[in-house]
């Protein structure tokens, strides 16, 4: 198995343009760092991050909630259809070596909690202020911290 | 199907005696309110809450992470062996009508996030300070708020 | 935790009246044997078995595919909303000490395979002819074999 | 998202050399057909199939039962750590467009049942004789039928 690092991106399935640009820059940075991007494969932050990774020639994996692989966003290279709904969030956390949380509401909070419990590094960009998150100010800094 | 209310209790699998007494009082209150207690069925806060419910003549359901029903704590009346590890936390949230979070670390934070995302009322006792949690000062108040 | 035996009933979510009567007799037998009935909590064979158990004063647990506890059939005493769709079938198998398969198509075949893999006894009534299933001719015989 | 076909390979985690050679030929055929191989990512039939796909320059995805991505066999390109144990079998079925069952015992039977329930084509090589499986005599024939 190739020894790539897997970096997860977590965030809401809908987002405003500003957060989308941030997520896209995170995705681009992950690809430029030679890591594989893992996410939930749907819209919003997930789609923007995947787009950034693809623009930079990277590889993206989407772990979907539903039963239909074709529901992945257009920038997912490899889609997994789990059919277990939000329980797939835990598979994203377990698959990633480290994570970047971009914005996000309660779903992202849930993922952050689970990631910190699992001992994964979580870098935060405009997200919850939770003890244990490594804060970053820019997408570049977030990726650098996550890729360390 | 009987129309009982299901109140979930979430919290760590290990806890100090003080938090254990608080959890036990919550369990007792849930039983006295005529509700069914739902939890993860393991030790710590979960076991203390179940003990309180049984002392007061209540009914307890434990949704276990592992594959073996016999691993439930002694005060679980009905145990479900899911075999899906922490993903079972989501089944606890979905099954409960409302929840009381007692103390807790990152695992509980993850459950709180998921519960708030699912639109369930979460009452907090010495737990995370997250917008959306309804804070309570005593076990009695917590149960009253959760049972409303 | 009370030391009841848990007997699972697996079968399709829709069934003809004849198979329904057979499932109802199985449920009645499980209750009369003092065991708890575990099933998927939906319609067809599951509902008929639960009805039989309730008529005989037994206790029924329904482990549901969806996110909403209220979707359980009327004869489920305790409903678990897993939200993981068919993956909940595995929780039924793991929770039961032994199982009775009543009729059934591919979904039931999948459960039979998983139960036999998990080393659980599976008693079959008008179901798949798979090596490892203990065949029974009547509901009474099926319950007797499952309760042994 | 690239429009590759995903072909799943299901079979036991341990296998004799003869079945291993058959699985390897299936994997090779999947790669030569330009499809992506999806499997459980562990040993036995899964490992042999992945090896065959890699020899032929193909791409392999392993959807693992455990929490640790590094437990995938050496020939998995992209590994998903689900942490939901055998419930991950359902994600393999849902992700694949069609499947080849190679040998196999009860675990494979369970996957076959679920795949047929989900309406996926299942091609069988020395596996269970279940109505609905499309039988094949050689690895080449199996892949041809699965790729149609």
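As written, the chain order gives the labels A, B, C and D, with residue 1 at the start of each chain.
Simple rule for what comes next: contacts are C-beta pairs under 8 Å (C-beta built on N, C-alpha and C of every residue); 3 or more make two chains touch, one makes a residue touch a chain.
What you see is a predicted model; the values in this text were computed from it and never measured.
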Path length in steps (a step moves to a chain that is touched) from chain A to chain C: 1
Both-way neighbours, i.e. chains that touch chain C and touch chain B: A, D
Equivalent interface to A-C, taken from C-D, B-C or B-D so that over half of the residue contact pairs match: B-D
Chain pair, A-B or B-D, that carries the greater number of C-beta contacts: A-B
Centre-of-Cα separation between chain B and chain A, whole angstrom: 30
Chain A and chain D, separation of their C-alpha mean positions in angstrom: 27
Centre-of-Cα separation between chain D and chain B, whole angstrom: 40
Multi-partner residues of chain D (at least 2 other chains): 67, 83-87, 90
Residues of chain A that touch chain C when the two form their complex: 67, 83-87
Interfacial residue positions of chain D with respect to chain C in the complex: 84-87, 90, 105-114, 116-117, 130, 132
Of all residues in chain D, those that touch chain A in their complex: 1-2, 6, 36, 61, 63, 67-70, 72-84, 87, 90-91, 94-95, 118
